[in-house]
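Same chain, two partners: chain A is paired with chain B first, then with chain C.
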Partner chain A sequence: MRRGPLTRVLGEHPVGTAFVTPYVVFIAAVFAYPLGFAVYMSFHDYFFAAPGAIVDRPFVGFDNYATVLSDPAVRRAFGNVLIFLVINVPLTVILSLGLSTALNSAIRWRTFFRVSYYVPYVTASVAVVGVWLFLFNSNGLVNSVLGPLAPDPSWLVNSHLAMPTVAIYVTWKQLGFFILLYLAALQNVSADLYEAASMDGAGRWKSFLNVTVPGVRPATTLVVLLATVTGANLFTEPYLLTGGGGPDGASASPVLIMYQRGIEQGNPDVGSAIGVLLVIGVLILALLERRFVGSED
Partner chain B sequence: MKLQAGLLAVVLAGSLAACGGSGGAGDADAAAKARGPITIWYSNNAEEVAWGKQMVASWNAAHADQKVTAQEIPTGKSSEEVIGAAITAGNAPCLIFNTSPASVSQFQKQGGLVPLDSFSDGKSYIEDRSGDIAKQYKSADGKYYQLPWKSNPVMIFYNKKAFAKAGIDTAKPPLTTYDEFLATSRKLVAAKAAKVAIYPAPSNEFYQSWFDFYPLYAAETGGKQLVADGKSTFASDEGKKVATFWRTMYADKLASPEKYTGDAFVDGTAAMAVVGPWAIATYKGKVDWGVVPVPTSSGKPAGEIHTFSDAKNVAMYSSCQNRGTAWDVLKFATSQEQDGMFLQASGQMPLRKDVASVYSDYFTKNPDYKVFADQAARTVEVPNVPNSITIWQTFRDAYSKSVIFGQQDPGAALDGAAQKVDQLVKQS
Partner chain C sequence: MRLRFVGLLVGAFVFLFPFYYMLVGSLQAEPDPSVAGAFPAGNLTLHNYSEIDKAISLGRSLINSGIFTGGVILGTLVFGVLAGYALARLQFRGRGLVFHLMLLIQVVPFQLLTIPLYVMIVRSYGLADSYLGMILPFAINSTAVFVFRQYFLQLPAELFDAARIDGASELSILWRIAVPLVRPALLTGVLLTFIGPWNEFLWPFLITKQQDLQPLAVSLTNYITTVASRAANPFGAVLAGACVLAAPAVALFLVFQRRFISSNLSSGVKG
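After this line comes the complex of A and B, so read on.
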């Protein structure tokens, strides 16, 4: 059958094209174009100017990248976020899988617990940060409970503990969302498999390892990827919880530095270079995670 | 903030800039004479809003054909970010009565500001109104891109109740020299009159040094700015004395390196605060306070002590079409009468010469504010140089590392920061 020119362009079902168009436009306008423009800015001596202002924005090659990579604050921020991810991602997977398995069982107060884990996720960061400041300052509840074991300097002003504390805070805050993902995934693990495992003599722990964990592997891949992407974009917590990445930059994140350089200090070219490096870093991590976590083998 | 959101914010603002091409600056001469409706923004604290509303109503009543529409500065992480974005988008108002002097060089670089010298009486009006202090607000090209509007001379507030509890004289507390200040602080903490003696914000935002290092540095040096004549000044003996003083405060746990939510002075956590007169309204009915100038190493007499101005100014933005009206409104809003009403409403000091004598009636009725009027004559502004915010962040990083967290010798940290700052000044 001969295909008309319209069919060749729009395919057998043109209505499908109409359906996807709004999303394609959305992606192009708010993601592809800005990302492309960020790459453009990172290769130019670029700053924001008033409409009509005559400004020179010459091509500078990799100068902005050289500036960024030779800046100890930026290098440290990338190191900090790696520490963050090493703590946050595994903790998120272990806790959310464990808790969702518990919540999936017929336990008392199940609805109450489900809501409890979800509440921090939907609560405004500013409010929750206030509570954590109260909990983790030197005279706070945590140190009162720990007594002589309390660290000095205290958690959020201790250069060794600030980033781990932020990682634990973010794990706790995001946990409700990831529990929800696992709860949905657990509904797809057939009860027959647990029954078969039980008949083979597997206890609860073995059932969990050999049925639940493989059964929710696609969800685990998703959780690992999402936790990595949101973690790499850490901003609110160093901005609010540790007073601008303190102490002495120990909890500064690349996005915080990007904000300082790009917005506060009026160097969006340098900010964009940090952003582009971060995107590349996250893509590499995501590919590695997909290779090692998402593999069916 | 998500990365995408961050990139988007950066890029959208950039693309708006790229899309521009006309209608911004326009013909400067014609615009300087153009008259018609204008918009203005003012700060969002209750006292300034009340003053702003009456000022606008008063102007509009007499100028039906040149109506002023006013609103509070839209909310954002900071006013400066909102203003920067508005400049880029070309929708900044004609006047903003809350322009931070530290951001002026950046706004100027963006092509966002109108030099007030472009009005025939611009320079003379500013210098006649503010006197010698006006010169600190000149930009590197010798022009005025801001009108010095009001200052909040930073001083040491103390809680009389806490001082009495520690057995310290509440009328003339010993806070003149560094040694006295440290001894008084130790007494306060030892007597458990407060958890810490003083609580300057220890966080790492670029502007926080305006409320710990800079007022004392201004006092110690007799009024030097952080950068002068194209070079940093702070890695001097005076700068190191100030840094060492604050390091002792932190090392001896007389000040806290931890972030505080709320107002430590109002809550009674700190017995002193380093702040300007704007805060008096918030202390009313909560703290029985007294005020003294910031300390110096040798205990200079009060009449010789300089401090940080914490000024906010008025700037005219290049997107303004009816600049003739905007200039008239600016002069109206900073007239002797309106400045008096502003002082009455907010307790902040209009940046005009001889504020104490011009408004003597006010200071007779409100003696608490008199000391700030005297101090207003000796204020130091942030240096009006390109890369201003990067310079302050560089300084803050070094100060934070050495003075607040004790991870480096303060003197060495200032030396290192001075080298970087000198480079930044050279780049401009």
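After this line comes the complex of A and C, so read on.
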């Protein structure tokens, strides 16, 4: 086919550019620009002013970062997120891999199980948090079942248990999604490998460890990464479940502190610095996880 | 084998029980956290629903949730289908770049953009307390764009070549030929777009201060954090609100569960 100079520059269907323009404008306005703007604010003395007012917002270098890093509440929140991840990520991987393996070989009630595992994931966190508050209340159902074993102070107002309870809540809420990811990955593990393993005399547990686990490793990498990103984004749960990161900051998350500093207290520059640090932290964690979980690729 | 089945049953109980308890708690006149209270024999009432309705105006909140969600779905259907079609079937400069951007932004955590978006939308453009400000950051769901592209890619190329030889414009090819063939994709796109804004809390919470503009997730939260401590049966009212908030998403999911699950698989696997 003969291609004119215009076709060579614009491609065969220049109208495609028009079709994607709204989407590209959307990405630029809602993702690219705010990302750059956040970095800009974090290096300036940025404050809220009336629209149209001309105010001086001088460059302050790393001042906002110094403020953030010397703030004990921020350091605590980053520590809390680490506690969260240490509980949430392994629990998510173990439970979703276990349940999806069981589900994969289940014959009866497959759809019922799949649907029931997935329901929490499609429900608003605000709605399920209401029930969890009721269940884990000092005199709630969980404590009445536990009787004398109930922790005192209760789950959500206990500074040692608040963050673990939030981590377990999020695991429960997200698990259905990860079970589906693993179910898809399990379809790609060749049945021959299981046959070979059983020929070699491997039991069910052995073939799970030696065939299933390595077979779904790419999915495990994905699950670990997505769970980490979800954990870094934690906001609604500490805001509601533990009444704003309580008791005494024991379950505050970086996004919660970012909201308090940036919007409630009117320091968007400090809030942005927290956000930038959080992104850097997530990137480092993601790279480490890829190295240790992903390996050999 | 039996052990495995028991494990699955225990799992299903753990996942479903809170929902059962939500419903039961919303129908009890008095909060009863004892074990027996989970299995009430009679004495059920709709009183809690009228309580929460009085406090936060359920109807108004549901309409706001509906407008917010509907706006996002509309934006995704119009602009997302256009973008998905162009990415699948048209050759133009910059196509690869747009495709990679689409994949990249799925891993950008939205929460981190809230401060700059808040400054822009609320402070610079004055869109606080407006539906437009609520919808804007979610206007086109990138996962849906990806799903649309995958479906358009599966259509046979001859179909498009024939229509082009007949002189049809790309817009009419898209509207008359491609869209009718990918109706299931449109349903999938609507479903996976729906749960985002319907369940979203942080963004509408930040930009709506007027109660009559707040979606249900926000007004229910405000009830939990401020009013509930003073109400007679706060848990009952909260659980009634929770049931109303959960019901549409759960109902859609139950009716279309096959589409939901396959859509999340295709979006999840691409990572």
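In this section, the second predicted complex is superposed on the first by the 266 of 297 C-alpha atoms of A that agree within 3 Å, B and C clash if a C-alpha of one lies under 4 Å from a C-alpha of the other, contacts with A are read in each partner's own complex, and residues count from 1 in each chain.
In this text, contacts are C-beta pairs under 8 Å (C-beta built on N, C-alpha and C of every residue); 3 or more make two chains touch, one makes a residue touch a chain.
Remember, predicted model here, so these are calculated numbers, not experimental data.
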Q: Report clash or fit for the pair chain B and chain C bound to chain A in the combined superposed model.
A: clash
Q) When the two structures are overlaid on chain A, which partner does A:Q260 contact: first (chain B), second (chain C), both, or neither? A) first
Q: Could you tell me if A:G79 is touching chain B, chain C, both of them or neither one (first, second, both, neither)?
A: neither
Q: With the two complexes superposed on chain A, say which partner A:P164 touches: chain B (first), chain C (second), both, or neither.
A: neither
**Q.** Partner chain in contact with A:P14 - chain B first, chain C second, else both or neither
**A.** second
**Q.** Touched partner set for A:P151, first chain B, second chain C, both or neither
**A.** neither
Q: State whether A:D248 touches chain B only (first), chain C only (second), both chains, or neither.
A: first
Q.
According to the stated criteria, A:G281 is in contact with first (chain B), second (chain C), both, or neither; which is it?
A. neither
**Q.** Most chain A residues touched (candidates chain B, chain C)
**A.** C
Q. First (chain B), second (chain C), both or neither: which does A:V55 touch?
A. first
Q) Which listed stretch of chain C (3-11, 39-47, 93-101 or 111-119) steric-clashes with chain B in the superposition? A) 111-119
Q | chain A residues contacted in one complex by chain B, in the other by chain C | A | 30-31, 33-35, 37-38, 41, 46, 48-49, 51, 130, 133-134, 137, 139, 229, 232-233, 235-236, 243, 255, 258-259, 262-263, 268, 271-272, 275, 278-279, 282
Q) Contact residues on chain B for chain A in the complex? A) 1-4, 6-17, 19-26, 78, 80-81, 84, 87-90, 92, 106, 109-112, 195, 201-206, 256-259, 261, 318-319, 387, 389-390, 393, 397, 400-401, 404-405, 407
(Q) Can you tell me which positions in chain A touch chain C when the two form their complex? (A) 9-17, 19-20, 22-24, 26-27, 30-31, 33-35, 37-38, 41, 46, 48-49, 51, 98-99, 102-103, 105-106, 108-109, 111-120, 122-135, 137, 139-141, 144-145, 172, 175-177, 180-181, 183-184, 222, 225, 229, 232-233, 235-236, 239-240, 243, 255, 258-259, 262-263, 268, 271-272, 275, 278-279, 282
Q) Inside the complex, what are the residues of chain C that reach chain A? A) 4-5, 7-8, 11-12, 14-16, 18-19, 21-22, 25, 31, 33-35, 37-38, 79-80, 82-83, 85-87, 90-95, 98, 101-102, 105, 107-120, 123-124, 126, 136-137, 139-140, 145, 169-171, 195, 198-199, 201-202, 206, 217, 220-221, 224-225, 235, 238-239, 241-243, 245-246, 249-250, 252-254, 257, 260-261, 264-265, 268-269, 271
**Q.** Complex contacts: residues of chain A adjacent to chain B
**A.** 30-31, 33-35, 37-38, 41, 46-55, 73, 130, 133-134, 137-139, 153-154, 156-157, 159, 229-230, 232-233, 235-236, 241-249, 255, 258-260, 262-268, 271-272, 275, 278-279, 282
